[in-house]
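Read from first to last, the chains carry the letters A, B and C; within each, the first residue is number 1.
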Amino acid sequence: MHRMLGGGLRRLLTLFLILLAGSFSMASAEPREGGTLKVFSSGWRTLNPAVQSGASAGVPGSQIFAGLVEVRDNFEITPYGAESWELSDDKMSVTFKLREAKFHDGEPVTSEDVKFSLFAARDNHPFGTVMFGRIKDVETPAPDTVVFNLTEPTPGLMLSLQPLLMPILPKHIYDDGQELKTHLRNNENVIGSGPFKLVENTIGERIVLEKNEGFFIEGRPYLDRIVITAVSDQLTRLLMIENGELDYAPNVGLRYTDADRLEKKEGLIVTSRGFEALAAVAYLELNLRKEPFTDVNVRRALAHALDRELMNQIVFGGRSRVGEGPLHSNNPLFTPGAPAYEFDMEKAAAMLDEAGLTAGADGKRFGFVLDIPTWAPHMWVPFAEYIQAQYSKLGIDVELRRAPDFGTWAGRVASWEYDATVNGSFNYPDPTIGVERHLRCDNIRNVTWSNTQGYCDPEMDEILAKAAVETDFETRRALYDQVQRKAMEDVALLYLVQEYSTTVYTTKLGNPPLSPFGALAPYYDVYLED
Amino acid sequence: MILRRIVYAFVLLLAVLVMNFALIHLAPGDPVETLVGEMGGATPEFIEQMRAAYGLDQPFYIQLATYLGRVAQGDFGFSLYFNRPVLELMFHRIGPTILLVVTAVLIALTLGTFLGVLAAQRRNSWLSHLVTVFSLVGYSTPVFWVGIMLILVFSVALPIFPIAGMYQSDTSATGLAFLLEVLHHLILPAMTLALIYLAFYTRLSRASMIDVLDSDYVRTARAKGLKNYLVIYKHALRNAILPVVTFAGLQFGQVLSGAVLVETVFGWPGLGTLAYDSILRRDTPTLLAILFFSASLVIVVNMVTDIVYRYIDPRMRAEQ
Amino acid sequence: MTYISQPSAPEVPVPEPVSPARQAWRMFRAHHAAMAGLAFLGFICLVSIVGPYLYTVSPRDMVWAPFTPPGASQYILGTDYLGRDLLAGLINGGRITITVGLTAALIAVTIGVTVGAFAGFFGGQVDNILMRITEFFQVLPYLLFAMVVVMLFSPTIINISIAIGIVSWTDMARLTRGEFMRVREMDYVKAERSIGARNAWLIWAVILPNAAPPLIVVAALAIGNAILFEAGLSFLGLSDPNTMSWGRMIGDNRPFILDNSWGVTLPGTIIFLTVLAVSLVGDGLNDALNPKLRHR
């Protein structure tokens, strides 16, 4: 009797605990509506991602504009502005069925808007042609149906149809004869069909976005407001995160010392997730038109003279990994094991001697100017300083050059008027967008992050062409492994270390945007707990 | 007299415009190249089209004439980088900078004069020495350094003040509450900027006060049996403050310079941060407008100083 | 940034048997703080000149683990974010910082004295025009203008020195002009003039030496100013990436200040001490050269 009572009590208690726990987990499973999300930006010039790549336009742009699809974890493509789609059997055309949606000004979203937007992105986005160059034409048989006809199968196409890369723009606003790149409505009274409406855009200060009550996904977004503050100083940014003045700090360019610091702080989560699609491998770009970089053995010698594991230690505290070629290890098509250049100064010196670059009477072999990009100085400056110090040991004089502004640096590289630069570019989900551009002969163009170094090899072109249209995943992966190995062998670019990025957010943030596009994806699912 | 000064001020401003315009155009590089680089590259046709749109394909003197003509009509052009009218960008930024700078100068002036007078009265006292040491230290410390230290102490170690900005990013305060919020954000940057000039003004007012106290008419006043504080605050102070005011006016350009650094440290949304951003983006029209406005500000302050000077200086008043 | 008061005409001192220079030195020596300042400056200059030969660690090489605190390794002041020796940085950076300070001050003094001398000597229209030009440079916000110059013409040591020089000569010009106007009316100048001395002779050989004392003080302070100015520019990221300077060390290490404060504290303290030493010397010079103003 006594035991039974005890057991019953215990059972009751257990039941109570379960209920309690249940009510707790219920509470966190049920996202709270309302609240203001505080994010930062290092500054923006436009809110239209069709004319500007990168995070500055992408973070606000993906909230204001919707796209046809969304890219979820593991690069899964899910319906967004398009309800469904169908690929023709010959893989030469895709038909999209559009969801019923309205722009913020009440106008309906139609297939004409999609058609307009696709061409707008193709013609204005820095790599618009790479993404959409294989689209032959677009048909609009009905207001809710749109068909893309392709010139050849394009496995990477779907990934480019998200708001970041192809925002659905209101044709009735942008198709007024103004140049899209400098259109006034890229900044004022910007209208899209995305989850948030623009209410304030004070350049250099803040962007205020408000919930779009008429958003096409029922019951979303959860947040009432998003405030994006401009904080250009990195230390200020770090202190604001620490003080809880920001809820969510994506791609903060955190130094590893800061990450170490913030990880110890209660109420904050530090993660390197949310960059899978934006992963980049940092490289030393040698202008292959210039002596002595024309000689592949010189480039190999230069590769041997850098201790890349040490570079990883210095700049990322060992949190990243050494670059193994153009593909980032997060890329699903990545295969590890491409041969690397081991760190060996003596070998490097011997190879330079062999290439005829012997040291002169003053101990100098040759010299070159190394440009330092203006963005992410926490990474480029130490990399450049390390390279300068290493090469000076070999008798190579490296003069570091800082550009006054991003455009000047980009201009130097795009006009091929440079010796060398440290550089890096997003891999993007598909190598046809992020990788191919640096290696194809016909992409030697006067455009930043194209094949500016001037690498051209028919064999490479052939592999790339095959890989681009290969629809079997494993075969495709094998082809990109060949690309990887060949790029390393030829030192098409001197791959250094994979870039390491961090996102910091408060534990109160529910459904943090950590998909492969992270901060550049829509935030309609994000909520804030009390 | 006043009219002549105004005309002269205009000539000066014209010179500022021409000189800066020439300088920026002389520098290597081209804003359109910068812009196109920022966009990630564009076709040569688009580059030419942009150059034509901004008139950059014209010869230098025509560009200059066009620019001056537009400015005369109050049009400072379009920011190349932000694609907004320059005046609109500036409009948001002038207020915060004036608020910061004026607060700092007022703190420095009042506190500085007070300390200086106090030190002058007791020459060779510990207070006097302290003022000397303080002014030397104030002069020798980099402004941005003071700012960083204040943040570390009063925002990080003791979280009394916010780290950056002019208001909470998600502020919903209005009216008096908003004013208080701005004030709360203003204290650290204004103190930082004031500290340096506080040192200057203290030293200056101490020196000139000593001069005045030694002068005959103060001695006479004392001999006549006037109360000490009356002598000091009614007669001597008025004279002692003259060089301080002149100096404050003359130095205004430097105060603005200090503001650039302080704004950067504290993320204060003023002209300084805008200037910094514009330089980084080679945003010529914005840069020209900022240089123009800050020069105008200095000129206006100098004029006001003159007027205040006349008001305070009994001799000048007697002349009029 | 003068903080010397107006050049209110000091009376001609009562002639004494001792030479003025010796007299001044005696006064200066009595100023203990100024002597300390001078000694410190001497030390800094000595280290900057011979230091790199005695302490041969390169400021560029990574020699030890990054962020080694002072005293924790053979590199006594510790290392920075790349593992470079901070002591080597301070020694080699001192060279650059002092050079920038001296060059910029020299430019400022040369322009300032020339403009001021001509304006004060000739008066009239010349004075009018030159003073308008001075005023023009005075209304430009110094730092902003220097930033524009350095940014647009690329941040090299030479450009930085020039930029600092051309924005900081106006005080010097005003002061020189005032002194020239005063000395111009002195009897001995009138006497020289009456025997037909040429203008150039009058300006450089007769008036300038007599107008020099207050100018020397301001010139000394100009060096301190230039050092602070360089630090400010470096703080904003406008430093020459190929040379180490104290300002650049602050700018580079600032992002790590929360965990590794010494990278910023060390160069910051050195800048502070150096500029303080310069101002103390300026103070001493002021006492020595302008005896009437001594009690200030």
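As a working rule, a contact is a pair of C-beta atoms (placed from the backbone, for glycine too) under 8 Å apart; a residue touches a chain by one contact, two chains touch by 3 or more.
Since the structure is predicted, the reported quantities are computational estimates derived from the model, not experimental observations.
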*Going by CA means, which chain is nearest the middle of everything shown?*
B
*Please state whether B-C or A-C has more C-beta contact pairs across its interface.*
B-C
*Between subunit A and subunit B, what is the gap in Å from one C-alpha centre to the other?*
40
_How many angstrom lie between the centres of subunit B and subunit C, each centre taken as the mean Cα position?_
23
*Distance from the CA centroid of subunit A to that of subunit C, rounded to the nearest Å?*
48
*Going by the touch rule set out above, which residues of subunit C reach two or more other chains?*
151-152, 154, 254, 257-258
*Identify all positions of subunit B at which a residue touches two or more other chains, and write them in rising order.*
29, 156, 264, 276, 279-280, 282
*Specify, in ascending order, the residues of subunit A that touch 2 or more different other chains.*
239, 404-405
*Mind listing the subunit A positions that touch subunit C in their complex?*
234-235, 238-239, 255, 257-258, 260-261, 310, 314, 372, 377-378, 381-382, 384-386, 388-389, 392, 399-402, 404-405
*How about subunit A: which of its residues touch subunit B in the complex?*
36, 38, 43, 45-46, 51-53, 125-127, 179, 181-182, 184, 186-188, 202-206, 225, 227, 229, 231-233, 236, 239-240, 242-243, 245, 374, 404-411, 414, 445-450
*Along subunit B, where are the residues that touch subunit C in the complex?*
12, 15-16, 19-20, 23-24, 27-29, 123, 135-137, 139-145, 148, 152, 156, 200, 203-204, 206-208, 210, 243, 250-251, 253-254, 256-258, 260-261, 264, 272, 275-276, 279-280, 282, 287, 290-291, 294-295, 298-299, 302
*asked:* Can you tell me which positions in subunit B touch subunit A when the two form their complex?
replied: 29, 31, 33-42, 44, 46, 49-50, 53, 81-84, 89, 92-93, 151, 155-156, 159, 162-165, 168-170, 264-267, 269, 273-274, 276-277, 279-282
*Mind listing the subunit C positions that touch subunit A in their complex?*
58, 60-62, 66-67, 81-83, 151-152, 154-155, 237, 241-242, 252, 254-260
